[in-house]
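Could you have a look at this structure, given as C-alpha cells, before my questions?
Letters A, B, C and D mark the chains as written, and numbering starts fresh at 1 in each.
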Amino acid sequence: MARLSFYYSAMNAGKTTGLLQSAHNYRERGLTALVYLPAADTRAGQGVVRSRIGVECPAHTFDTHHDLYADIQSRGDADCVFVDEAQFLTPQQVLQLTRVCDELDIPVRAYGLRTDFRGEPFAGSAYLLAWADELHEVVTVCRSGQNATMSARLDRDGQRATTGEQVDVGYHYEPMSRKLFDLSRVSPVGQPEKG
Amino acid sequence: MARLSFYYSAMNAGKTTGLLQSAHNYRERGLTALVYLPAADTRAGQGVVRSRIGVECPAHTFDTHHDLYADIQSRGDADCVFVDEAQFLTPQQVLQLTRVCDELDIPVRAYGLRTDFRGEPFAGSAYLLAWADELHEVVTVCRSGQNATMSARLDRDGQRATTGEQVDVGYHYEPMSRKLFDLSRVSPVGQPEKG
Amino acid sequence: MARLSFYYSAMNAGKTTGLLQSAHNYRERGLTALVYLPAADTRAGQGVVRSRIGVECPAHTFDTHHDLYADIQSRGDADCVFVDEAQFLTPQQVLQLTRVCDELDIPVRAYGLRTDFRGEPFAGSAYLLAWADELHEVVTVCRSGQNATMSARLDRDGQRATTGEQVDVGYHYEPMSRKLFDLSRVSPVGQPEKG
Amino acid sequence: MARLSFYYSAMNAGKTTGLLQSAHNYRERGLTALVYLPAADTRAGQGVVRSRIGVECPAHTFDTHHDLYADIQSRGDADCVFVDEAQFLTPQQVLQLTRVCDELDIPVRAYGLRTDFRGEPFAGSAYLLAWADELHEVVTVCRSGQNATMSARLDRDGQRATTGEQVDVGYHYEPMSRKLFDLSRVSPVGQPEKG
C-alpha cells in the first residue's frame, strides 16, 4: 500500500533539496515523479522548484481551489507525487492526497514547515501531521548549536518580529531552537487574553 | 538539552503499556518518573494508569486549568515526566511542557491519539505534533492487516458512528487503516458544505 | 510489500513487552501472530515469552539449525511473525526471514540487543541491522539519566566484568549510556594488540 | 550530550547531497562544520565531496591509519563533524568517533552504505549500526518502484556481477529492492558450503 510521508522542518533546512534529490532518484530509475508547488510560490519563477544550494526542476502549480486527486488521476500512471511548500495545502487537499495513496496506490511525499513565525501550526501541516503514514524531520541547526525546530521572523535590522500576517516575504526567517524562539513570548497560545 | 517526545497512535495500540514500561525503567535505575493522567480519565480508578494487558501505576491527575509547569517545578527534581492520554492537554499545557524541557531541562514523554473518530486532530495533539522534538508512532494493526492509524467509533451493534461528541465512552473504538476508515465519509473536511 | 523490522535496544528496555503488546494487537483484530523464541532461552520456561512487567505468551522455539522460512511457510497463513531475543538468530536465519517478507509477503518483527557486554555486535543483530527495512530503537535510560544504548555485565558485587563468554546468565546486566560504558575500556576494537 | 548519527542507504540515494546541505546549514548559522572523506575516494578530486546533483565542498581526507579523535581534537572547537563514505571507516575509527561525541561533546554525522554488492555489511557500517545513537535511512527507489535498500553491481553490459572484490569502481551500481537483489543468489550467507 502506498504511503503518505510528511518531511517537516524549520525554514532553510534543506527540504527542497531533499525533494529534488528524491525526484531525481525516481527519474534516474526510469520512473515517473510528479512535482507540485503552490502557485503563490514564485520565488524561483512560476512553476519552478529551486533549492538554496542551487538545484531546481519544473513543477506543476496549484492554488487552493485545485483538486489534486483529480489532477493526479488525470495525468495517468505516476510512480510518486512530491509536494513542496506543503504547509500551504488546504485540509481538503491533504484529504485528496490521502486518497491518492489509498485509492490510486501512488506514494506521496509532502515537504513543508510545521509552524509559522509565532509557532502556530499551518493548516495544511496540521492535517499532514494528523493523517500521514510517516513523519520525518529534516534536521537543521540553530545558531545556538541545538536543533532548530522553529522559524523566527526577523526584520531588516535583524530584530524579531512577533506580529503580522502568517505569510510575509518581506522578512527574513531564521531557523531557531524552541528555547531561543521562546513560545511564551510570541505564541498566541501563551497570551493570557487569548488562552 | 531535554527533549519533548510525542508517542502517538490509534486507540488500543499499546501506548499506555509503553508508558508504564518506560516509567518502570526509570525507577529501576533509581531515577524519578512523574506520571500524569487527565482527571477525567477514571477508567482504572481515579489517578491510576492501567494498560489493557494488565499492568498499572498510580498517577498525578490534572484538569484543563492545571498549570503543569508550576506543578512539575514544585515537585522538585524529576528525571522524566510522562503524560498519558495527552490528546486531552490544552494548547497552554503543551506550551507548559515545552518549558519543562527548555527551562527545567526535564525530558517529557507524552502518549496520545492523533485524531478522533471523525479524523479530526485533538487540540492537544495538534500542538504536540507541532512542537515536539521527537514524533514516534506506536504501530498497531487494522483487521485488514494494514497499519491502523485511525480510530473508528462503533456502536453496540458494531455499526460505524460518524456523528456525536468528540469524547464519548459509550462506544467501542477500533484501530483502523486510513483506507478502511474512509475520511471522505466521516471527516468534516470532506463535507462540501464545510469545505 | 511486507517489511522486516528490527526493534533493538539495551538489556531490560522493554523489548519483550513491546513484542507481547503487538502480538496481542494482532490477535485482538482476529489476525494470526506467530511468536518465536530461541530454544536456549528458558528463563520463563520452555517456549514461553515473558516480560519483566509480568505479561507472557507461548512461543515456538528454534535452535540454530532450524529453517525458519520452511517452518513459517508450513504453518499456513500468518499475518505477522515475531521473534524475541533475535540477536541469537544465525545470519542464515536472518536471510530466511527476509524471504518470509519478500516471498511469502508476511511482515516480520524481530526484537533484540545490538551488542554484547563488550560492545561487540551479535551475529544475528549485525545482519538484522544490515538487511531490515525498518530499524527502531526501544529507548531506555541509564542511571546517569542519559539514554542507555549499551549493556554492561556486572558480577555479584556489582563490579564490572569485561571478559568471558558472549552469553553468560550468571551475571547481572545493566543498561548503560555509551559514555559510562566506556568502549575504550572493554571493546576488543579498542585494544591496541587486537586493532 | 552530543549524538552520533548514521545516515545509511543504498548507492546513489543522495547521502552526499544530505551531508552537503547539512554542513551548509551549520556554516550559514556561523557555526563550524568539519567534513571528512576517505583519501581513497578521489572521484571528485582529492579532498572534495561532490554530490551527483552538482554541489560540492572541500573535505579533510583520512586513511585507515588516521586517528580521527586526535585529528578533530587538534582542530579546536567544531560544532559538528561530517563523514562521507563512512562504510570505509575502520572499527577503531568508529570508536574514535564515539569518543568525539562522548568526550568532546561534538555531534558526528556519518553517511554511508550498509552493505556491499553481495549484501555483506561493510566493517565500518557494522560498527556504526551497532554504536550510533541515531540510525536514519536515506530512502531511495528501485526500478520496481519499491524502496531500494541494497546496491547491485552491474558490468558494462548491464549484467549482474556477483563475485569480486568488495570495492571495485570498474562497475556500475544500481540501488535495488531486497526482493530483486535476491540475497539467496549472491550472499555468502546463502551459500550452503559457507553456512
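Going forward, a residue touches a chain if its C-beta (ideal position, glycine included) is under 8 Å from a C-beta of that chain, and two chains touch if they have at least 3 such contacts.
All figures in this text were calculated on a predicted structure; none of them were measured in a lab.
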Fitted rotation between chain B and its twin chain C in degrees, CA, nearest 5: 180
Averaged-CA centre spacing for the pair chain C and chain B, given as whole angstrom: 28
Centre distance in Å when chain C and chain D are each reduced to the mean of their C-alpha atoms: 25
Distance between chain centroids, defined by C-alpha means - chain B, chain D (Å): 37
Chain D: positions in contact with at least two other chains: none
Graph class of chain-chain contacts, one of line, ring, star, complete, other: ring
Chain A to chain D touching residues, read off their complex: 12-14, 17-18, 20-22, 24-26, 28-31, 51-55, 79-80, 139-143, 145, 175
Chain A-touching residues of chain B, taken from the complex the two chains share: 1, 90-92, 94-95, 98-99, 101-103, 114-115, 119-121, 125-127, 129-131, 133, 135, 137, 146-147, 149, 177-179, 183-184, 187, 189-190, 195
